[in-house]
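Order as written gives the chain letters A, B, C, D, E and F; numbering starts at 1 within each chain.
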Amino acid sequence: MIREPSALHAAAQILRRDLKLAFRRPGEWLQPVAFFLIVTMLFPLALDPELSRLRQLAPGALWVAALLASILAIEFLFREDGRDGTLEQYALSGHSFAWLLLAKTAAHWLLTGLPLAIAAPLAALGLGAPAAALPGILAALLLGSVSLSLLGAIGAGLTLGIRRGGALLSLLVLPLAIPTLVFGARATQLAIQGDSLAGPLYLLAALGVFGLTLAPLAAAAAVRISLE
Amino acid sequence: MLEVSGLHVWRGERHVLKGLSVQLAAGQALQLLWPNGAGKTSLLRAIAGLLPVEAGQVRWRGQDTEADPLTFCRDLAYLGHDLALKGDLTAGENLRYSLALRGRVAPADIDAALATVGLTAVQEQLVRRLSAGQQRRVALARLTLWDARLWLLDEPAANLDAAGQALVVAAIEAHAAAGGVAVIATHQPLALSTGVSSLWRSPGEPP
Amino acid sequence: MSWAWFHRFASPPYFYSLTLRLAPWLGWPAGLLIVGGLYGGLVLAPPDYQQSDAFRIVYVHAPAAWVSLMSYSLMAFAAAVGLIWRMKVAHAVAAACAPVGASITAVCLVTGMLWGQPMWGTYWAWDPRLVFELVLLFFFLGYMGLRSAIDDVSRADRASAVLAVVGVVNVPIVHFSVTWWNSLHQAPSVMRMQEAAMPASMLVPLLMSFLGFTLYFYAVMLVRARAEVLRRDRGGSWVRDVLAARGKAA
Amino acid sequence: MREFLDMSGYAAYVWPSVGLTLAVLLANVYWARRLVRSAQAEARRRLASGAQS
Amino acid sequence: MIREPSALHAAAQILRRDLKLAFRRPGEWLQPVAFFLIVTMLFPLALDPELSRLRQLAPGALWVAALLASILAIEFLFREDGRDGTLEQYALSGHSFAWLLLAKTAAHWLLTGLPLAIAAPLAALGLGAPAAALPGILAALLLGSVSLSLLGAIGAGLTLGIRRGGALLSLLVLPLAIPTLVFGARATQLAIQGDSLAGPLYLLAALGVFGLTLAPLAAAAAVRISLE
Amino acid sequence: MLEVSGLHVWRGERHVLKGLSVQLAAGQALQLLWPNGAGKTSLLRAIAGLLPVEAGQVRWRGQDTEADPLTFCRDLAYLGHDLALKGDLTAGENLRYSLALRGRVAPADIDAALATVGLTAVQEQLVRRLSAGQQRRVALARLTLWDARLWLLDEPAANLDAAGQALVVAAIEAHAAAGGVAVIATHQPLALSTGVSSLWRSPGEPP
């Protein structure tokens, strides 16, 4: 064995491994997207489906559904690796733990956040958004889903090893996610009205950058504690 | 090489390890034969840095391990009750990805290690479809490829048949011969040569 | 500069006896100030020219709002200290802040709602300040929920400390929400130092209330922290001593 | 006095606010003291069981 | 040991055990309710909060939130017992497996469905429903949550032993739950408008009875398969 | 009492048990010492009815077990790799609730059983806070209280220290003396008296 513990190489391998695992069960990474689409579909069902009203509703429905789908998915970010001892091995691998967890979070975003963002314009169309709004909606969800994944990583770390952590996880992450939700919905609304959405997009990007610097450290601290 | 001195560890309300000290030189293996619940798992995890230590020190090559955990970890292989194997990957893939964290390994080495532990036939099976003992053997193969100087093994012979236990013994002997150190929790003393191994029968009476 | 004071403060027996001595010195003045402030605010102060007597809710609402933000900040600070220096006493303080802070946050919300109905015509509006104050309550609840979900005290301490530190971003958001978004809610009026926005007969009781609530919070928090320190110590000899001392006194 | 209690029509808002606030303040004091007592009792129990073993 | 394998006794013990487990961690059974309340809070946040619009939205938001909360919770119905071998022991206990699973489902409803139904009027108030509508909303949620728990039990059985079953579970259960959602939202709407809601309530009750007869059998079959 | 005849079991693509037959009379215990992956776990689960059987029969007291599984289950105690213990209940509570499925037990009996396996000191601890071996002992206590005629035990001595293994042996001896039947998968032959136990070393050569 050749000793060459490069942090980049390690992260790349974690990414590849997680992607391979996800694709081995093809249905799996499609599930958050499907959940998202079904939930957005529930709204017109539960309400009187009138197009003009639907359109007003669209930003809220879209973002609530995206938030819920991503929280539902984030629960599995560390769970399995925690249970089977993989995280233990990561902690003992001689690399920065936060860095390895960031790689895991990136893989998770590629598998849930990205498909979600790609599916969102479709759902928006179904809720009566005009075609011109779709690029804006896509952009908002791309940026927003990054910070949702990162915030989610903190919550997933904290609730790792807690029985029925899922519900507690949502309790912890939802308050953190409210700014993302508010700005995201605002951006979507502006996009549907045909106005410029640069303002909320900048804010979403800022939240993402903030999360990128803070979340891995917090998640690493949290996971370490629950490994005891 | 490994010096544990005055270690105190608590599990919740329980004062499990009360001022434990032990030293191991290169090429030595220590078998912990303590009874159930005496704190073997706790000791191994405390040495690895996975459990917080209330008082005392763990030194490796003369360095306090808490001072520079990353460097210490590069020398360390921990095999716990949980095997850190992915049920949805084959044995070979599992080894490939987990070894990648510590450097590069040639695929041929992986195949050779799997052959040594007698898994060539099921090499292409998902690990989830392997029996309990077969999974242990995968973990054993990984251990031999890890190239770590300090092995911490928690009941490595569990679930293994007689042939499998002989494999564990051989692996530890080879590790010690190469100047490695091993701490092993076990209930059935492993048949290691006496020059290499010392037995520790209860936390009260040092080895 | 010496760190001796820091280490002394971090020692559980010292902290225990400190809280024992300090709590009454904070608690009794707090009680007097709160009663005095309320008397001044409810009875002596003249009615507001716009809000008539409804404005008197400010004497409980504004101090409660201030304490809610202060208690969270203190909790996050103590949690950070506990994480960084592995200081049990700091964790105990953080743990003691949460229930008191949460209840006071709830008071702020409920009094705000009771004030909102006469002033804005609705108990609740989805206004940034109100929402983020509610989020603050959720952070407190999440913090306590996380604590109660982990049964090992030391693990619970550290895990919830991470959450407390992460959640501290919410405090400035609550405070500045009125300035950042155009809000239904009143802009800062008391804390503005340039001109006295209200007559002294209104202002003095309000300031008494602020001080009283603050002292009250510290008093109750320290009493709780005493219990938390006791829970965290594993039968050190000082525990035997303080318990014996108490037994004699009782 | 009645006028004072009426709060020029806002009694239904002012008095519940004040009452609730005071109730919460007192309840906090009560809970805190109870917590201390139970922590002391637990510490005693622990000391006693530690002395036996 | 006195041999007296009474089916009723066995079911009662399962119920007691599950309730005791839940109350041992006091926060735990509160979590679905908290989730429900937070999600209903998200809607007004993501939308322009105007009271008249909120009120139109209320039935949809309420039921979507209730549905999601109960699906989130149902995931844990069999998971742990499956993992630690308890379900295996139930299957080998010499009692009808479906009957024992029904007892587990009943405990689950007591711990999630019931608190949810009790919290719903509160959330409805926040969404601007008039006080007169609250008894109707409570009734609709009581009935609806029973069939949601039962349907959920089938899904939980099917996804037991599947990695990341949570998202798949929602895919399976959501379509099954659509009738409940539609009738429930309709009942809530009628209640808010002040009309008689007997019609949808009967339908909800019928769904519940249907579920009661069918779901335990289906769940038992599903769980048995995943035990192999 | 137990007759297995011509049993064929598949695990996925693998034909694991190929026409296996064995008979056990009252008071007999059979130790399966097959190597890793030979199908011990599969055999036990197939007898219990947890794995579908491709061909062959399992008869208990002369009855095909598939014909009336509920009655068969009342005579059966299966102890697998998973212990079916709730981490959030104490040892005593765990026993109480799981025994309740099979009838009523006096609390004194539970305490006595826990004392026998040496857990009196940790009786009030949540099971999750017990060490691996202590958890095994709780499962062992449950087994002795179950009052089942047929025991299917998958590596019952795993994680147990020497004293714990002696407890397992004693429990099986008592069970056999009372006319029970036991099938035990293990890697380390248990020191059962030869009249009671037969060893089966590989699926190829019947005992």
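Operating definition for what follows: a residue touches a chain if its C-beta (ideal position, glycine included) is under 8 Å from a C-beta of that chain, and two chains touch if they have at least 3 such contacts.
A quick note: this is a predicted structure, and the numbers were derived from the prediction, not measured.
Asker: Between subunit C and subunit F, how many steps is the shortest route if every step has to go to a touching chain?
Answerer: Minimum number of steps from subunit C to subunit F: 2.
Asker: Enumerate, in label order, the chains that touch subunit A and subunit F alike.
Answerer: Both-contact set = B, E.
Asker: Is the contact between subunit B and subunit F built from the same residue numbers on each copy (over half shared) or from different ones (under half shared)?
Answerer: same
Asker: Taking each chain's centre as the mean of its CA atoms, which one is most distant from subunit E?
Answerer: Taking each chain's C-alpha mean as its centre, the farthest from subunit E is B.
Asker: Provide the C-alpha centroid distance between subunit B and subunit D, rounded to the nearest whole angstrom.
Answerer: Comparing mean C-alpha positions, subunit D is 53 Å from subunit B.
Asker: Averaged over CA atoms, how far is the centre of subunit A from the centre of subunit B? Could you give it in whole Å?
Answerer: 36
Asker: Could you state the distance in Å from the CA-based centre of subunit B to that of subunit C?
Answerer: 49
Asker: Taking each residue of subunit D in turn, which ones touch at least two of the other chains?
Answerer: In subunit D, residues 46 touch at least two other chains, as defined above.
Asker: Among the residues of subunit B, pick out those that touch two or more other chains and give their numbers.
Answerer: Where subunit B meets two or more other chains at a single residue, that happens at 12-13, 52, 81, 87-88.
Asker: Scan subunit E for residues touching two or more other chains and write them down.
Answerer: 25, 27-28, 31, 34, 38, 45, 80, 163 - these are the residues of subunit E that touch more than one other chain.
Asker: Would you please name all pairs of chains that touch?
Answerer: Result of the pairwise touch check is A-B, A-C, A-E, B-C, B-F, C-D, C-E, E-F.
Asker: Where on subunit C is subunit A touching in the complex?
Answerer: Contacts found on subunit C: 83, 131-132, 135, 138-139, 141-142, 145-146, 149-150, 152, 155, 158-159, 162-163, 165-167, 170, 173.
Asker: How about subunit B: which of its residues touch subunit F in the complex?
Answerer: Residues 11-12, 33-37, 41, 81, 122, 129-134, 136-137, 155, 158-165, 187-188.
Asker: Per the contact definition, I'd like the list of subunit F residues that touch subunit E in the complex.
Answerer: Of all residues in subunit F, those touching subunit E are 48-52, 70-71, 73-74, 76, 78, 80-89, 93, 97-105, 109, 145-147.
Asker: In the complex formed with subunit C, which residues of subunit B make contact?
Answerer: It comes out as residues 10, 12-13, 15, 52.
Asker: Using the touch definition from the top, list the residues of subunit E that touch subunit F in their complex.
Answerer: Touch residues, subunit E against subunit F: 1-5, 9-10, 13-14, 16-17, 20-21, 24-25, 80, 83-86, 88-96, 100, 227-228.
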